[in-house]
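Look at the two complexes coming up: chain A is in both, with chain B in one and chain C in the other.
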Partner chain A sequence: MNELLAQFINLLGAGLLMLAFAMISQRRILSLIALFTVQGAVLVLSTVVVGFVTDQPHLYVSAGITFALKVVLIPLMLHRVIARLDIRWDVETLFNIPTTMLIGILVVIVAFNLAMPIAKLSTSLTRGTLGIALACVLLSFLMMITRAKAVPQVIGFLSMENGLFFAATSATYGMPMVVELGIALDVLIGVLILGVFIFQIREQFDSLDIRHLEKLKED
Partner chain B sequence: MTVSGFFSQLLEIVFALALAPLLTGWINQWRAWLQNKSAPSVLQPYRLLHKLFNKESVLAEHASPLFRGTPYIVFGCMTLACAIVPTLSTDLPLSPAADAIALVGLFALARVFISLAAMDIGTAFGSLGARREMLIGFLAEPALLIVLFSASLISQSTSLTTIVETLAHRDFAIYPGLAFAGVAFSMVSLAENARVPVDNPATHLELTMIHEALILEYSGRHLALIEWAASLKLFAYSCIGLALFCPWGVAEAGEPLVMLLALPALVVKLAIGGIGLALLETLSAKMRIFRVPEYLAAAFLLAVIGMLVHILLAA
Partner chain C sequence: MHPLLFVLGIPLTGGLVLAMVGHRDWARDVNVAFSLATFLAACVLTAEVVADGPQLVLQREFFIDALNVFLVALTAFVGLTTAIFSRPYMRIERDRGKMTAPRLRLYHSMYQLFSFTMLLALMTNNLGILWVAMEAATLTTVLLVSVYRTAASLEAAWKYFILCGVGIAQALFGTVLIYMAAEKVLGAEGGALLWTNLDAVKGQLDPDIVTLAFAFLFIGYGTKVGLVPLHNWLPDAHAEGPTPVSAVLSGLLLNVALYAVLRCKVLTDGALHSNLAGRLMMGFGIVSVVAAVFFLIRQKDAKRMFAYSSIEHMGLMTFAFGVGGPVATYAGLLHMTVHSLIKSAIFFAVGHATQKAGTQIMDEIRGLIRVSPTIGWGLMLGTLAILGSPPFGVFASEFLIITTAMREQPWATPLLLIALGVAFAAVFARVQPMVFGDTSVRALPHPPALIPVFVHLGLGLMLGLYIPPYLDTWYRQAAQMLGG
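And then the complex of A and B:
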């Protein structure tokens, strides 16, 4: 039974990785938010399963916090931001998505190679997920690098946090409660600040393209 | 070759030939229902085949023997493909003849011949269709190969019968790598069978068509063979999908009676798969031809990642 549940956690990890790839290749902001919400839901499910397998009730609490934050609150806030900025139907022009995805696959190989020796030291049932979590984090990094607009970058940041959280729960069976609460609060504050920041960028440059920030003074 | 092996092989080929048009008709019917249209009968493809076989075959003046021979080659390739894929039983005398890689080669052979035949007449539509078909083919094949490799990694063999035997008769286990491979395989089979996100099977005479452009010059019994081969290809792909991702109920060597159970199981699985395909086709829109490389690149990457995940988790 536990063996099967561990495999189920692996499957959820694979799902997270697939969603990270889907986010990289997604052009529309609305679909991006939907994907982020699904990623949050998968994360909640995996946390609950890990909590059940390892018999650690405090993981249920952190699953609850994750659900409230990443499945309900943050997507709602993102929807409000894009509604107020009126960028609901924005389609971002990226450089060549197949190239990005090819780079993504190299990133995955690097992450797996890095995680393999570390995972061998661990005795936990789901040690294989460490590589997947690392790959998710790096892919979100890649997404932040390749995006030109501010909102997708924020989503990339949040999805990176998802990857970290998954690493923490599945590979090490959860961090102490205090740390988890702190991180949850950090993410919430981070999104609030970034929301304000997005509005400021918009005020200053009439655009959300962050390349405008590279100029130090007005010509 | 044992007698029961011979019989199971014969039974498989006969069932593939008989059921393939039914699967096409079933999918068309469900698609019409889902799109709020009055549906054609499930038996419509049979009527079409009957009509075409009774019609005269008109050939262009400049048609070479290649053009005339291609329908038979394509039909032969698809029949052989259906014979190799274990659908009812894994006791198939023909299966050592070709493993998973050779199976992809069979599809490629059919594709090359139909593209050559399309260019043979020299019409604009034929060459256009041939180009597009080759574009899709050369991107879809590596993805399909990698999907088959991920399944081979689990069973340590590229022979399809061995793969099915290992996957169907082990203890139940979840392979996350196969989840990736499943998504990639669905994407590839949509592209290879000219279904909606890549090509619209319902159109005839449109600039965007691929499969129809290839066979525009065919008529009569040639067209009937090609249409039948297209049904067989869809059938073969569905059976590969079932063999890799849902192999339960397939009979093994030495238990001929299980085949009695395997047949209803196969029909139920195909029926559910057909409804799924119709639903997918209704929900998605056809994409621009220049988006297709992106789509197939995504399928390839998913397949590669499935393999990597399998290696990581197996270590």
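And then the complex of A and C:
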């Protein structure tokens, strides 16, 4: 039974990785938010499964927080932001998707290599998950670098948080509760501030292209 | 109740109270009052540490030892003086229409919450809470930097948020890895993120995990220290935010981030039995010193120039801690203290000067000494002090760092000497005409608060000539813990 569930967690990890790749190549803002929501849901599911297998009830609580925050609240806020800014149907022109995907594959290889020596020592039920989590973090980082619009950058930032959360639950069975609450609070406040910023940037520059935010160069 | 809880509780309450009344005329005084109360509580706490030694509070969740006690006192002190400086400064900004009532409320509330997050980061025993507090400090300062809502300040704040957010996410990954390593030794219920527990078992932590963890923690918190090449946010955030914010960013936040790195270094050194952490810190430190100096030469904006000078000094401290050993670490701790005092004094003086001149461009600020001798002398003395002229404290610490480097890392000495020399020539040549010569500045409607400038410079001078015995003991104990 546990063997099966461990495999299931690996499967969910693979799902997260696939979603991270999908986000890199997704050009529509609306689909991007949908992908982010699915990623949050996968994360909740994996947290619940880990909680069940290892019999750690506090993981159910953190799964609940993740669900409220990353599947309901944040996607809702993102939808409202893009509706009010009237950018629901925006399609971003991305620079050379195949190259980005190839770089993404390299990133995954690097992440797995970095995590390899640790995974061998790991006593937790799944070994590959730390590499997957690191790969998700780095892929989100890649996504933030390649995006020129403010909202996709924010989504990249949040999906990076998802990768970190996956690392915390699958590699260590969750951080202590007080830390998790603190992290959740920080993420929530961070998203609120970014939301306000997006409106202010739009007001100042009449656009959400962060290429406008490159005036402060070294001369 | 333990005084430590007051040190944390007062600024938190202040942040909530000022969120409601921060737009009133008297909110500036309330801000000073809360900062004063925090400082007094920190004094009581310090006195208790002097009398009874290190302490663990509230089921070991908070602690105060030789490494953080002087930083707590310093943070509360600079928090107070900056609040005093910000009183007339913000009044002038409001009169000129740059600050409206809602912005003032945000500013005052965030100022107190920022103090709270820094004190929390310093005193928490939990590495996870340390991360949460650092992230919260980023969030509050992002709001402070963007408070003018100009295009430039929005850009600076966005850049700051994204870069530091990404950076600090790496630190969270590192924290998870540390927890993973510690769980094996301490068990899930054993308080595996409490620093004192980790310190007790650091020899048994798995070296592979800790190596990777330190790499992530160093990159994460190093972004906040402003180490090159992760420094891009720092000059913008310093230049575009209000000057009191630049003063606390340079004087306090960078110190707190470096403190986080140091706590992680102690664990890494204990687990690895090698000098990996030290070598990383030396490398990044020296690159920061040299690169910052060459950026610094080309700056036209006064606050931007001194922001690069902060990168230079943070690099120097990181280098000193990387060299390790009792002398270099002692010098690093001393440098942390004096840099914080002197740099915030400079920002106070620069803040008043830029308000008088109505610009931050150095070429357009001339002859400060004619209009206001105190600001002129404050800026001149502060600049001389930060550049390392004797008898100020920076001279003492830099002298110690360079002589130790000569003995232990001779390759670094010429680089350091050249960088410090170039910085001296560049900054002095810029500041000298700002202070002397014909004037272009006008008087201010409200008298500036100059006491903080001279109190800071006086303390910086004192630390160059005489270090109080208990401070000396803390430095020695902390140095022993860090690299002894």
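The rule is simple: the second predicted complex is superposed on the first by the 216 of 219 C-alpha atoms of A that agree within 3 Å, B and C clash if a C-alpha of one lies under 4 Å from a C-alpha of the other, contacts with A are read in each partner's own complex, and residues count from 1 in each chain.
The working rule: a residue touches a chain if its C-beta (ideal position, glycine included) is under 8 Å from a C-beta of that chain, and two chains touch if they have at least 3 such contacts.
Since this is a predicted model, take the numbers as computed values, not measurements.
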Touching partner for A:Gln204 - first (chain B), second (chain C), both, neither: second
Partner chain in contact with A:Met144 - chain B first, chain C second, else both or neither: second
Chain touching more of chain A, residue-wise (chain B, chain C): C
Which superposed partner A:Leu213 touches (first chain B, second chain C, both, neither): second
Contacts of A:Tyr60 with chain B and chain C, given as first, second, both or neither: neither
Residues of chain A contacting chain B in one complex and chain C in the other: 115
Chain A contact footprint on chain C (complex, rising order): 126, 128-129, 131-132, 135-136, 139, 142-143, 146, 149-152, 154-159, 161-162, 165-166, 169-170, 172-173, 175-177, 179-180, 183-184, 188, 193, 206, 208-209, 212, 236, 239-240, 295, 298, 300
Contact set on chain B toward chain A in their complex: 172-177, 179-180, 183, 293-294, 297-298, 301-302, 304-305, 308-309, 311-313, 315
Partner chain C, residues of chain A touching it in the complex: 56, 114-115, 117-118, 121-123, 134, 137, 141, 144, 150, 153, 157, 160-161, 164, 167-168, 171-173, 175-176, 178-179, 182-183, 185-186, 189-190, 193-194, 197, 200-201, 204-205, 210, 212-216, 218-219
Contact footprint of chain B on chain A as seen in their complex: 3-4, 7-8, 10-11, 13-15, 17-18, 21, 25, 97-98, 101-102, 104-105, 108-109, 112, 115-116, 119-120, 128, 131-132
